[in-house]
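Heads up, the next two complexes both have subunit A, just with different partners, subunit B and then subunit C.
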Partner chain A sequence: MDFEVIHSYIPLYTQAFLLTIKIGWIGIVIAVVIGIATAFLQHFKVPVLAQIASVYVEIFRNTPLLVQLFFIYFGLPKVGIMIPAETCGAAGLGLLGGSYMAEGFRSGLDAVSKSQTESALALGMTKVQLFRYVIFPEAFSLSVPAVVANVIFLLKETSVFSAISLMDLMFTAKDLIGLYYNTTEALFLLVIFYIIMLLPVSGLGSLIEKKTHLRTAGV
Partner chain B sequence: MGFEVLLKGNNMLRLWQGLLVALKISLLSVVISIALGVVLGILMALKLPVLKQILRAYLEVVRIMPQMVLLFLVYFGTTKAMGINLQAETAAVIVFSFWGTAEMADLVRGALQGIPKIQYESSMSLGLNTYQTYVYVIIPQIIRRMIPLSINLITRMIKTTSLVMMIGIVEVLKVGQQIIEANRKTSPNAAFGVFAVIFVMYFLACWPISQLSKYLEKKWEN
Partner chain C sequence: MESNEILRVNGISKRYGDISVFEHLDLSVKKGEVVVIVGPSGCGKSTFLRCLNGLEEIQEGEVLLDGERISQNPKELSRTREKIGMVFQSYDLFPHLTILQNLTLAPVKVKKRNKKDVEKEAEELLERVGLLSKKDRYPRELSGGQKQRVAIVRALIMHPEVLLLDEITAALDPEMVKEVLDVVLSLAKEGRTMVIVTHEMQVARAAANRMIFIDGGKIVEEGEPTEFFEHPQTERLRQFLHSFSYEAE
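After this line comes the complex of A and B, so read on.
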């Protein structure tokens, strides 16, 4: 391993890292928003919209991100819909993530027991209060483990962005291997940067999981 | 819209063959993952010192490393570091089994530890010996919990194998690209039709399997 080479590669990787993180987190935010909306539609069985939500979840849960991105990035322009690569990456990740988040939030909502709703109503809470103070906090902490797992999953999925020629970490590594054959150094940095990106999230996830678990258990 | 390309010659057949390549790699990896995962899962549930730490580190690696990075490490890294020239398919099976085994082991561990202690105690008080306890009480419950989850792992494996085109395996996406390139002049819009069809093909491969998994999970809930 040549540390001079590694040193000279670091700026390139940092740039790619920042791009990967940016698109990754934008995608995750989109995913959370879509996920919560979809979960509500499904949980409260809103007519028509709930069915559309289910179709959406099934389609995006059962196809790979790479195929989704190829379709959005290479396929859609042929019918007149041009989307720049970065938007495409964030949108693809958001749509895929939304379907996974929806399942997580929905199981959280479903797990809030009926007696909670009934008790709140018996105490004279309005629907909004019931939702704001009883259902949402409980459902949210119940779905935390699923959400954390999904965030990690989505950050890992960003590695396919290179396929639609986004200059992400994977792209940079592949490019450098192709140009200079410094395979060892390029792969080493790739691993290091992914560890920097995901280890804190993974650790934080375990911590949050412990905390929220305690809260729901009432200890 | 570019669908007409697929009716030319044996293009559609080639796409299906491409999907079969992906399915073959995923099935092989799933079989290996289930076999190794069950063994590792039991070892994890036993909480043996040292081994426990090693297995935890292994799980953490799988948890935070994208499969794509692992693919690159195994495919390009081994050649460089050890001078072994792995075939792309072999590299893919190694990586997906490495990943799948960890997933499976964690599921087995969860299922084993999810069996309440009272079940063991009740079996014992009914006069069953250890062997009988496992065969008649514990294992049937674990299998019921594991089957839907293992089936689910198959669909995840199929979805992940779409990555293998990045290390040069000619699977459905790659075949799709070849078809688009070859017909660039005659049908410039082929990308839409071909990728739409591949999208549907993946859905058709995964959806029935995940429905089956969901159905079994509900059926065996209690």
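After this line comes the complex of A and C, so read on.
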């Protein structure tokens, strides 16, 4: 392995790293928002909207991100909708992630026991207070493990962004390999940068999980 | 009508579709009175209790608190429930809140009381049930008996006029039952109005002013505790009480 080469590649990787993180986290924020909204609609069985939410979840959960990105980036322009690659990446990740997050939040909402509702009502809480102070925070604690797992999964999924010519980590590695044949160095840096990106997230995730675990009902 | 009557139940019936849980039950509870309801499992006693604060809808009859009919309208119902405390078999503390936050949530958010005052009161009440040292813990870190004592305090801090206890020791290990019953007894002594559903005949005897035996959706017998336990009038109650006194042959 040539460390001189590695050294010279680092600025390029750093740039790609920042782009990957930027689009990745924008996508995750979109995913959380869509996920919470979808989970609400499904949990409360809002007429029509709940059905639409289910169709959305099934479509995006059961198609690969690559296919979704191709559809948005190459398919939509055919009907006159042009979207920049970065927006496509964030939107694709958000839509895919939303379907996963929805399942996570919904399982949290469903897991709050019915007797919690009764004990809150017995204290004189209104439906709104019950939801705001009891059910939502409890459901959120219960969804944390699923949400953390989804965040890590989505950050890794960003590697398919290269397919719509976004200059993310994967794109940079492939590009450099194609240009200079320094395969070992390029792949080594690729692995290192993904680990740098994900290790803090999974560490922080475990910490949050441990903290919120104490705040769930347990057995 | 007696002047110090606080809770009155007039001929309430509860049905799930065609299945009747109970029909035309009446009850009158005076201020400071402790009424204990016993009966075999599935006799409808817990459902009856849950009808008193509107957790179960009734199909017939009415429940009056302080002479006012309890409405089924959600807004009025939540206001009524502030005055009727309830403690459940499964404690149902809020797992995401500390013990102190569990106690202050409803007084602050529902009754809009000053948070500092409520916290002070919560600490005094926790001290009384021997749990002040646990105030910053989460429910998960407490034993069943401790959780149930907190649940009782959570109901008390709303200053209810009536306290409903629904089999509050049924899920506890035997050694924890006592610590909870001690609290119940001390509440009875200080003149709290309570309606208690239980299988603990000991505490029923010690705390009750009046016993009620429900079987098959009907009040089969009711009376003052000594009479009730020593000289049951009905064969059905005799059988029921007998099932609690196990004697090895």
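Just so we're on the same page, the second predicted complex is superposed on the first by the 216 of 219 C-alpha atoms of A that agree within 3 Å, B and C clash if a C-alpha of one lies under 4 Å from a C-alpha of the other, contacts with A are read in each partner's own complex, and residues count from 1 in each chain.
Here, a contact is a pair of C-beta atoms (placed from the backbone, for glycine too) under 8 Å apart; a residue touches a chain by one contact, two chains touch by 3 or more.
Quantities reported herein were computed from a predicted structural model and do not represent experimental measurements.
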Clash or fit, subunit B versus subunit C on superposed subunit A: fit
Partner chain in contact with A:Ser99 - subunit B first, subunit C second, else both or neither: neither
Partner contacting more residues of subunit A (subunit B vs subunit C): B
Subunit C, subunit A and subunit B - angle at the middle CA centre, rounded to the nearest 10 degrees: 100
Partner chain(s) touched by A:Ala173 [first = subunit B, second = subunit C, both, neither]: first
Touching partner for A:Thr20 - first (subunit B), second (subunit C), both, neither: neither
Touched partner set for A:Gln68, first subunit B, second subunit C, both or neither: first
Touching partner for A:Thr38 - first (subunit B), second (subunit C), both, neither: neither
Which of subunit B and subunit C A:Leu123 touches, first, second, both or neither: second
Which superposed partner A:Pro137 touches (first subunit B, second subunit C, both, neither): second
Subunit B versus subunit C as contact partner of A:Val160, first or second or both or neither: first
Closest approach of subunit C to subunit B (Cα atoms, Å): 18
Residue ranges of subunit A touching subunit B (in the complex, touch as defined): 58-59, 61-64, 66-68, 70-71, 74-79, 152, 156-160, 162-163, 170, 173-174, 177, 183-184, 187, 190-191, 194-195, 198-199, 202
Residues on subunit C engaged by subunit A in the complex (per definition of touch): 53, 55, 74-75, 78-79, 81-82, 84-86, 88, 90, 92-97, 105-106, 109-111, 138-141, 151, 154-155, 158
Residue numbers on subunit B that touch subunit A, as the complex places them: 1-2, 60, 63-69, 72-73, 76-77, 79-81, 155, 159-160, 162-163, 165-166, 173, 176, 180, 188-196, 198-199, 202-203, 206-207, 210
Subunit A residues within the subunit C interface of the complex: 113, 115-116, 118-127, 129, 133-134, 137-138, 141, 214-218
